[in-house]
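Each of the next two complexes has chain A plus one other chain: chain B in the first, chain C in the second.
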Partner chain A sequence: MTRRALWTLPPLLLVAGFFVYPLTLTALQSGGAWTRVATSPEFGRTVLRTLEIAVCATIGCLLLGTFFALVLTYAPFPGARAVARLIDTVLAFPSYLIALAFTVLYGSAGVVDGLGIATLDFIYTPAGLVFAEITFYTPFVMRPLLAAFGQVPPAQLEVAASLGARPWRVVRQVLLPEALPALAAGGGLTLLLTLNEFGLVLFIGAKDVTTLPMLVYTKGLVTFDQAGAAVAAVAQVALSLTVYSLYRRVAR
Partner chain B sequence: MLIWTRRGRAALRTAFAALFALVILAPLAVVVLAAFARSWNGVLPGAYTTGHLRESLTDDRLAALLVSLQTALAAGLLAVLVGTWGALAVASAPRLLARVADTLLHLPIAVSSVVVGLSMLVAFNKPPLLLGGTRWIVIAAHTVLVTAFAYSTVSAALKRLDPAYAQVAGSLGAAPPRVLFRIVLPLLMPAMSAAAALSIALSLGEVGATIMVYPPDWRTLPVGVFTLTDRGRVFPAAALTLTLLATALVTLTGLGRLGRRPGAR
Partner chain C sequence: MTSTLTPVPATAVEAPAIGWDGVSVRYGDAHALRDLTLDVARGETVALLGPSGSGKSTALKAVAGFVRPTSGRVLLGGRDVTGEPPHRRGVGVVVQSYALFPHMKVEDNVAFGLRARRLPRAEVAARVTEMLAMVGMTAHRGKLPRELSGGQQQRIAIARALAIRPPVLLLDEPLSALDARLRQDMLDELRRLRGELPDTAIVYVTHDQTEALVLADRIAIMRDARLVDVGPADELYHRPPSAFTAEFLGGANLIPAEAVAGGARVGDRTVPAAHSAVASGPALLCVRPHALTVEVPGPDGLPGRVTAVQWRGSGYRLEVALDCGATVSADLPALTGVPAAGEPAAVRVGAACVVAREEP
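This part shows the complex of A and B:
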């Protein structure tokens, strides 16, 4: 091995020792519990629910994020820049902020409930969780899209419009094809992050909505079934890595 | 462009304002209002108080804030160090090794924080390395999670860096360490301070791994927020969250100043 290659050793040893080694031990520990946990109806339901929530939230973020980015770029208004900066800031906020806001607004002792409007405990349903995730993750789609739209030469749009294309057609046939890589990258990242989302689910604390990360937590800490938690963790990692490898491919 | 009629634009902007206010602004505004709310039964809080905020800065809540700050600074510092080292090493490594190392260093981004927490619990509650029940397991978990982001930030900047600077310095006779410390690292300074800011912000808000591993004497602030929310005490929880965001803002502004040293760009 050359001396240059040796320089990669210290960071790689750290990743191996503090990330790969613990995950490997976890996978080994799940060994005996697979038949017990993975065949239970609860487990299958949880995997499906995790996928369902992540996919719905990602679609919602893509639609809303595309709309927001289009308006910010092509129908800008005074303050549009401040909005774009706000989007950048929100990215660094913890996701449970949204859960907290939702609990204040729509929770069982929340503001909307106090107004006397029957809320049917909306936030404690899967749809409520999807709405909360759309709120938090839409900026993750907007940022790459804003960058992509900024690089489309305005002349292209003007030519299309002067040739008689309606706005909708310009968006569909000129803008979206240009922005497709950004859309795929933003969507892929959002799908990965919504699959892994834990803080929001924990803070909302809906009893009937269990996702895989939540199952890892309840099995590991609440019922002290570490082997069962390890099974959920391995399933979660398999799911995440599948989406992540797809994301790395489209984000290149 | 794109929308040419005045009415069309107005309609579009109205739709944007309504949706944006509902989806992005309302939750943020609600947390701020709730932090100051004494009672809230109408559209706006009925009565206001600064009591929740003042309480956030007392006893165990202040302690949690300090714990969060120390954890974030330690994890952020380690992340920038390991991330920058990794980015530099990968950039000059043979191609195959570089690809493997790049994938490995990015990998923690893909894994759920709660899984990282569980695996730490499984691995470090027994020899050879006993970290369970100490603050070090929290700091280790945070470092693992944020290093991937720091690495990602610095290595992206390194790829955009013009290699001519280092080559010219080398051809003028500067030894590799001198090129590194006088040319490459100063040019990477903005990326490193951005990486530090991102790492600290993420660590301050981290809850998934922390809740799996934290010992009683090293409770971070988000764990405290969760305890309050779980008991239905949402107004104090909002106030505590607000102090966290303010702390993050102050820390990151200070860091931004450091990163913009003259000649650093």
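This part shows the complex of A and C:
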């Protein structure tokens, strides 16, 4: 065996011990429960709900993130840099803080309700959850997009305008196509993260909103259905890996 | 019933294709352009020539609409466009970096302006074919910009700008990113294109005097955000109105002198001059390096000492420290005998002119 091959052994063992072994164990645990869990209407509903929320949140993040990145780059206002910085700091927060803030603001006993402006409970609906996820994950789209916009030479946009293109055409035909890899990367990452989002969903505790991570949690720690939890976990991993491989393909 | 003598609107007569009317551009406290007033006629090529930071690119951007003048007006064909966005001005722009759209094929780059104008598909295709033929790039229409060389990319940038048939073409240092050999080829190419566009007004921004001399009908010399001199290329070259123009356009030697009738006095010698911008008093004698000859010391010529000799293949460049204090450069043909560095010499002045000294 060559020296080089020897060097690859420790990391391989580490990966095997900390990653492959528990995953395999989980997969094995799920063994007998697949037909029971996977064919239950609850499971199908949960997978669909998870996808639905993640896809809606990702689309929202892409739209909002693109808009904000455009404004911050091309229509800078006094304090735009500070705003960009502030948005960056959101990346450092845990997601459930957003959920907490939303509950305080818009919850049924929150600030808006307390002021008597309106009685709100949209936060406890799937739409409310999507709204919260968009708020938290938009910076994940903006960061790569701001970097990509910074790479597009201003001369290209100027020349496009001089050729008769209105600003919207310049954005659509010059700027966004050049920022497409960043857009795909940001969108892919957001989709991956929203699929796996747990803290936010748990904190908001929306009625009738069960996502895969929630299902794993409920089955594993609330109803002690270990096999059922393992099935949900394997489904979650499969879903994440699928999205991840797509993400790798577009982000390349 | 209107009279047959209805006056023709002023703009229809022959308003200049481009007009800067007292245009200034300021960024905070920094002046990028001060009070530029200049016209470019239809079919005329004007080169804006100056060192970097002289305001020449800013002047061009003001016409394209990329910068908004702090004061003054920009006119296109007599129409005030000062407040109009770039997409309504209809000028062609070519920049140093080519600024081709990297994700579009060559033909889509050229078609961009035509599609933005919503021209019928057949007309777009015909115009793209015509433009690519004009710049000799027909064979490359399906390629992406990154598959082309610098010179080819610049041809596409020119084809893209000309496809919209702009009455005004703005070229911002279009050859600066090319190597010397390619630059010469493209210069010939641009001269040929100029001939094919008899009605287009062209503004050519450059810091290279050769490009300006080859292409321009008139040259506008810029310095420190101001227009210094403007005039036909040969006139500015042969009879420079200012010391800066003499030095920047053709690298003239400027020898402190005293203007006298028919020439200038340098030390105790009088040198005849073909043209004098100063009647008398302190002035500068302006001589091109190729108009000087260096001889053994004698009664004629300005006495001095050779300080450096540089062989340049086609000839020699000599630096001579004159006894009057000035140092001059002289270009001598390769076949002549050349004094060595350190030897005394006399510099004989051929064609010369006299310009005013600069205010300190």
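Observations on the model:
Here, the second predicted complex is superposed on the first by the 246 of 252 C-alpha atoms of A that agree within 3 Å, B and C clash if a C-alpha of one lies under 4 Å from a C-alpha of the other, contacts with A are read in each partner's own complex, and residues count from 1 in each chain.
Simple rule for what comes next: contacts are C-beta pairs under 8 Å (C-beta built on N, C-alpha and C of every residue); 3 or more make two chains touch, one makes a residue touch a chain.
In this text the structure is predicted, and so the values were computed from the model without any measurement.
Of the two partner chains, chain B is the only one touched by A:Tyr74; chain C is not.
For chain A, the partner touching the most residues, choosing from chain B and chain C, is B. In the superposed model, A:Phe224 lies in contact with neither chain B nor chain C.
When the two structures are aligned on the shared chain, A:Val237 is found in touch with chain B, with no touch to chain C. Legend: residue contacts after superposition of the two complexes on their common chain; A:Val216 is shown touching chain B, with no touch to chain C. When both complexes are overlaid on chain A, the residue A:Gly164 reaches chain C alone and has no touch with chain B. Note: residues 158, 161, 167 of chain A belong to the chain B contact set and to the chain C contact set alike, using the contact criterion stated above. The residues of chain A lying in touch with chain B in their complex are 2, 4-5, 7-8, 10-12, 14-16, 18-23, 25-26, 29, 64, 67-68, 70-72, 74-75, 77, 83, 86-87, 90, 92-105, 107, 109-111, 114-115, 134-135, 138-139, 154, 157-158, 161, 167, 170-171, 192, 195-199, 202-203, 205, 212-213, 216-217, 220-221, 226, 229-230, 233, 236-237, 240-241, 243-244, 248. The touching residues of chain A, counted against chain C in their complex, run 153, 155-156, 158-167, 169, 173-174, 177-178, 180.
By the touch criterion given at the top, residues 64-66, 85-87, 89-93, 95, 97, 99-103, 112-113, 116-117, 157, 160-161, 164 of chain C touch chain A in their complex.
Against chain A, the residues of chain B that register as touching in their complex are 1-4, 8-9, 12-13, 15-16, 19-20, 23-24, 26-28, 30-31, 34, 40-43, 82, 85-86, 88-90, 92-94, 97-98, 101, 104-116, 118-124, 140, 143-144, 147, 151, 197-198, 201-202, 204-208, 211-212, 222, 225-226, 229-230, 232, 234-235, 237-238, 241, 244-245, 248.
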